[in-house]
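In this document, chain identifiers A, B, C, D and E correspond to the written order of the chains, with residue numbering beginning at 1 in each.
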Amino acid sequence: MPPILALAFGLGLWQAVVWATAVPHFILPSPVRVAAALWENTALLGAQAAVTLGNLAMGLGAGILLGMATALNLAISPSARILLRPLMVFAQAVPVFALAPIVTLWLGYGAPSKIVMVALVTYFPVTSAFFDGLMRLPADLDDLARQMQARPWPRLMLLQLPHALPSLGSGLRLAAVQAPFAVIIAEWVGASKGLGHLMLLSNGRAQTDLMFAALILLAAISLCLFLAADRLARHWDR
Amino acid sequence: MPPILALAFGLGLWQAVVWATAVPHFILPSPVRVAAALWENTALLGAQAAVTLGNLAMGLGAGILLGMATALNLAISPSARILLRPLMVFAQAVPVFALAPIVTLWLGYGAPSKIVMVALVTYFPVTSAFFDGLMRLPADLDDLARQMQARPWPRLMLLQLPHALPSLGSGLRLAAVQAPFAVIIAEWVGASKGLGHLMLLSNGRAQTDLMFAALILLAAISLCLFLAADRLARHWDR
Amino acid sequence: QDKLTLMLDWFVNPDHGPIILAREKGYFAEAGLEVEIVTPADPNDPPRMVAAGRVDLAVSYQPQLHLSRHAGLPLVRVGTLVETPLTCLVVLADGPVQSIPDLKGRKVGFAVAGVQEVMLNAMLAHHGLTPKDVEQINIGWSISPALMSGQVDAVIGAFRNFELNQLALEGKTGRCFFPEAEGIPSYDELIYVADPTRMDAALIARFLTATERAALDIVNDPDTAWQIFRDTDKALDTDLNRLAWADTWPRFALRPAALDLGRYQRLEAFLAASGATPGGIPAADLAVDVSGATE
Amino acid sequence: MTAPDLHLMGDLRMGDRLLCPGLDLHCAAGAWTVLLGPSGVGKSSLARLVASLPCPAYLTGGITADDGASLAGRVTLMAQTDQLLPWADALENVTLGARLRGARPDRGRALDLLRRVGLDGHANRRPATLSGGQRQRLALARTLMEDRPVVVLDEPFSALDAATRATMQDLAAEVLTGCTVILITHDPLEAARMATRAWLLDPAGAAPLDLPVTPAPRRLSDPATLAAQASLYRRLMAADDAA
Amino acid sequence: MTAPDLHLMGDLRMGDRLLCPGLDLHCAAGAWTVLLGPSGVGKSSLARLVASLPCPAYLTGGITADDGASLAGRVTLMAQTDQLLPWADALENVTLGARLRGARPDRGRALDLLRRVGLDGHANRRPATLSGGQRQRLALARTLMEDRPVVVLDEPFSALDAATRATMQDLAAEVLTGCTVILITHDPLEAARMATRAWLLDPAGAAPLDLPVTPAPRRLSDPATLAAQASLYRRLMAADDAA
C-alpha cells in the first residue's frame, strides 16, 4: 500500500509542478501526456526496453560473477592483494562513464560495448564491497580460525563468506543502482537500439513526451532491479 | 609504496596496449602523448578543474548534509517514514543522470545545475545507507533503550547514530564515487566550463590527448575524494 | 550597454567567425551591446533554450527551425550566419560506399538526432531506398573517429568544411554526398532564431549589423581574420581549424539580416512532401527580416 | 516511587512448548526473590517478560503489580549478556540511562559506583579492553544507576570470583534497599545469602525453597547460610535427577 | 598425539603494567591444572597466550612444552565468550573445526556430543534461539570435538546450574582423559572436584592451593571434596582482603 501511495504522491507532485509553473511541454510534459505517449508507443517502447534489458542482464551477470571471483581471489591470495588492491582503488576512482566513448569506439555500437560498460560499472563496487567484508572478519571468529588451524579455503567459505554476505549485499545494491545508468550512457554514446537510443532520438525530434515515457520505463526497470538487490541484501543482513 | 607501484603498473599496461595493438592515437593516445598534453595545457586544465572542483564541493556538501538530515528525520518520525520511505526507494531507482538534460534546461548552463546534479546523486545513497544503519539497531541495544525509556532524540543520538556510522561511511564512499560522474555528466549535458566540457570539446575537435589529460585530472580528483571518504569510513568501521 | 545572450549550435569553431570577430573587434560594444556567448552540449538545445526564455538568441539550422515549429516551439528566424548547406553524408573515398544506393544494408552514423535523420531519409528516398534499408546509429560526438575506425560506413551530419579536413589530417580521404545534389532544396545552414513573442527586434538588428561588419572584414582579409580568431583562445589554434577556416569563410552570409522567403517556403513544402512534417506554416511565420525595426 | 509487590501467574509457554507450568510467584516489595532452575527452563524469558521486553515466551496468567499500575518504565533488567555500548567508555556506559531519557547524568554518583564495583581508574576505557568480570561489573554499575523500584538481575555475578562476588552482592543489597528485586542465579550460596524467598523452576513447575529465617542478605560466616547452601545444593542436584 | 607437559614461566605483563609476577606453573600431561584468581588478574590473557592467540599481554619467561615442540596447533581454547557462528546451526557449529581444516566432520560423534551436553533435538537451531546455558554447552561440545592434546577452558561452566554443571564436568573429564587441561574457574567447588593441581593468581603472584590427595575428578559426595571447597573458599576470600 505505501508504495502505491508514494507513487500517487510523486505523480501528483509532478502534475502540480506542471500546472503551477506552466512549464512548456517540450521541457516537462505532464504525466497525462507521458501516459498517452506510453500507451501509443507500447510496441516501440517494449522492443527497445527488451534490448536494453538484455544488455543490462548480461552485463550485470558478468560484472557480479567476475567481481565476486576477484574478491574471493584477493581474499585468499596475499600476493595478489599487494599488487591488485591499490589498482582496485585507482580503478574504482576512474570515472568509468567517461570511458564510454572509448569503449564504444573499440567495441562498436552493438551489444558488446553496452555489456562491457555495465560489467565495468558493476564489477568495482561488487569486488570492493565484497572484499572489504571478507577481510573484516571479527576478532573472535579469527581467533577460532587460528586455533582450529583453518585452511585458507574453508576459512574463506565457512567464516569469511557468510560474514561478508551483508557487505556483498551492499555491493549488489550499489551495482543495481549504477548498472541502468551505465547502459543508458553507453546507449547515448553510440547505439542503434535501446531505451537510451530512443530517448536521444525523441529528444532530437522534440518528442519530449516519448522521451519521458522511455525514462519512466527505465525508472521502472531500475526500480525492479534495485528492489531485487535490496531484497537479497536484506535477506543477508543479520 | 604499493600505490605508486600500482600506478606504474597501470601506466605500463596502458603503454603496452598502445604498442601492442597499434591503436590509432585518436582512439587511445599513449601515456606519453597525454603527459605532453597535460604539460602544455596546464593553465587551461587548471582553470577548468577549479570550476569542476568548486561545483563538486558545493554539491557534495549540500547532498551529504541534506541526506544526513533526511535520514535522521526519517529515523525519528514514524509518520514521515510511512510516506517518504517508499518515495526514497523510487527516487533512488530513477536514473538521476537521465534527468540531467531537464535539470540543465531548468537551471541553465551555469553552476546551479551542476551543483544540483551532484547533490541529487549524493543525497540518495547517503540518505539511504545512513537511514538503513539508523534503523538496524541491534536487538540488545534496542532492549536497553526500551527498558531505560529512552526518548526518541537521545536514542537517536546515543544509540542509533553511533551504530549507523559504518553505514554512513558506506554511503559516503558511494557518494564519493558517484559525485564526479554526476558533475561530468552535468557538464556534458550543458556547460560552458569545467573538465567535462573540456573533454567534450577536445573529443569533438579530435584532440584525444587533451581529452585524456582532462580525464586523468578527473580521475585524480575522484581518487582523492574516494580516499578521503574511505579514510573516514574506515575510521568508523568497527 | 544592452545585454544579449547568444547560444551557439556547437562549441566555438570557424563557423562562428563573424560572431567572434565582431566581439574581438569591438563591434558589439560599438553597437551598444554586451553579448554573452554560451556553447551548448547538445545541438538540439539552442532552439529550446530560446523557446524556454533562457537565452535571447540562438544559432540553429534551417531544417531544425521547421521541425521545432511543428513541435510547437515559438521560434522565428531573424538572421543568417552561413547561407549554404554545410551538412553532407561522408564516406571514406576508398570504402565500400561509392554511391548512395551502396548504403543498402549498411551502418550510417548520425551526430544530432532529428534534423539529420530527416536529411538522410530524404537522400535515401531520392534513390528509391527507405529508412529501413540502413541501420541508423547515434554516434554522439565522435563523427570522424567512428568513420575512421570502421564502426560505421557513413556519417550524416558531418560538415563539409570540417570533417573532410579532419579525415585528411589523419591521412584518410573522405567523399561527400551533398544534400542539395541529392534532391533536397538548398537552405541556410546556420541561422539565428529568436522567440517572436519575446524578442527585441531592434536589439537583434543591431547585433546583425555588428556581425555584418565582421563578415565583411573576413572576406576582405581572411588571413588577418584567422589570426584574430585563432588568438582568442589557445584551444582554437589547431591545424584542423586553420584548414576549416579556409573552407568556411567564403560561405558566411554577407547580409545576415537579408531574407530569402522562397528558401523557407521550398524547404517547408519539401519536408511536408517527404512526410517529415505536416507542413502548412507560411514562410512569413518562419522567418522575418528585423533590419527595419527601431526602438 | 515506592516499590510494588509483583505477582507472576500461570504457565510459562513458548509457542506450543510448555516451559514451566503453574507459576504462582509472589515477589514482595523490598525483598529479594531468587529464581533457580536448570538451564533452558525459561528464567531469562521470565525476566524479559517482567521488564516488558519483546520475548517469544509468554505467561498465561500475566504479571501484575499490587498497585494496579502498569510495570512499563518501572523495571530495570540486568541481562545475561552485558549489552555494553562498544563505542562508549565505561563512564558513558554507566550514565547511559539518564542520557537516554534526556536528563543530566549524575556524574558524581556514576564515578562513585564505578569505584565501588572496582573499576576505579577505568572510567575512560572501552568495554573491549576490559576482562569478562570487569564488563559484568560495569553492567552492574549501569543497572544500579537506574534507580527503579523493580530490578531484575539475570545471573549478574556469574563471571566474578568469590570475593568480588560477595562484595558486589553487598553493594547491590545496599543500593537496592526497598526495591522489588528478582535475582536469577545458579549459585546456591548466592541464593542462600541473598534470598528473602527462593523458587526452583523446572519443567514440572515452580517449587519454593527452604531458607534460613534470618533476614537477607545473610553473613557468609553465618553457619545458617552455609547450611542453607548445602541443602539448596542437594535440592538442585536432586531436581535434576528427577527431571 | 600424546599430550605434553607445559611450563608457564615469568611475569605476566601488559604493556608496562605488571598483572601477575613470578609465575612458575607446571601443567602436567593427563592432569587438570586449575587457575583461580580475582577478576582482571590476567587469567584469560594467559589462556590466550597458551593458545598462541594475539593478546596485548605477554609472559616474560614464555610457555614451553616438555617435548620441545611448538604449541601452535596443539591447543584448543574454549573462550569466555561463546564465539558461536550466528549464521550456523548447532550441528554446524560443533563440526566447525574439522570443516575448517578441510576434513570430513564426524557427524555421528558430533550428534553424540550434542546429546551428551543436553542439546538433543536442538541440532538445527541457531545460537540466537538458545538460552545462555545452552549456548555455553554448545561451545563446550565444539571444544570437545577438537581432540587436541592441550585444552584450555576459560570459565566453561559459568552459566550452568549446579546439576548440569556437574554433568558437564564429568563429561569433560571423560572426553579429555589424557589431555593437558588448564581450567579457569571462579567456583571453588569446581576447583575442588576437578583440579589435579590448583593455583591462585593474584597481583602478588601465583600461589599453589591445597587439594585432597584423591585423584580428580572427585565425587561430589566425597567429604574431602566439600572440605576442600570450604577451605578454598576461605582462601579466596582471604586473598582478596589481602589485595
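The rule is simple: contacts are C-beta pairs under 8 Å (C-beta built on N, C-alpha and C of every residue); 3 or more make two chains touch, one makes a residue touch a chain.
The chain list, named the UniProt way, goes like this: A, B = ABC transporter permease; D, E = ABC transporter ATP-binding protein.
Given the structure is predicted, the values throughout are model-derived calculations rather than measurements.
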(message) For subunit B and subunit C, which third chains touch each of them?
(response) A
(message) Looking at chain pairs A-E and A-C, which one is connected by more C-beta pairs in contact?
(response) A-C
(message) Among all chains, whose Cα centre is located farthest from the one for subunit D?
(response) C
(message) Centroid from C-alpha atoms only, then distance subunit B to subunit E, rounded to Å. What do you get?
(response) 52
(request) Between subunit A and subunit C, tell me the centre distance in angstrom, where each centre is the average of that chain's C-alpha atoms. (result) 38
(message) Averaging over Cα atoms per chain, report the distance between subunit C and subunit D in Å.
(response) 86
(request) Could you give the separation in Å between the centres of subunit A and subunit B, each centre being the mean of its C-alpha atoms? (result) 15
(message) Show the residues in subunit E shared as contacts by 2 or more other chains, in ascending order.
(response) 81
(request) Give me the residues of subunit A that touch two or more other chains. (result) 27, 101, 105, 203
(request) Any chance you could list the residues of subunit C touching two or more other chains? (result) 42, 48, 52, 141-142, 145, 149
(message) What's the complete list of touching chain pairs for this entry?
(response) A-B, A-C, A-E, B-C, B-D, D-E
(request) Please give the residue numbers of subunit C that touch subunit B in the complex, ascending. (result) 10-11, 13, 38-42, 45, 48-49, 52, 54, 141-142, 144-145, 148-149, 166, 169-170, 234-235, 238, 240-241
(message) Under the definition above, what is the set of subunit A residues touching subunit C in their complex?
(response) 24-27, 101, 104-105, 108-109, 188-192, 197, 200-207
(message) If we count contacts the way the header does, which residues on subunit C are in touch with subunit A in the complex?
(response) 42, 44, 48, 51-52, 67-68, 71-73, 107, 109, 112-115, 117, 135-142, 145-146, 149, 151-152
(request) Enumerate the contact residues on subunit B facing subunit A in the complex. (result) 2-3, 5-7, 9-10, 27-28, 82-87, 89-90, 92-95, 97-99, 101-102, 105-106, 125, 129, 136, 170, 174, 177-178, 180-181, 184-185, 199, 203, 215, 218-219, 222-223, 225-227, 230, 237
(request) Mind listing the subunit E positions that touch subunit D in their complex? (result) 36-40, 44, 80-81, 118, 130-134, 137, 155, 158-167, 186, 188, 220, 233, 236-237, 239-241
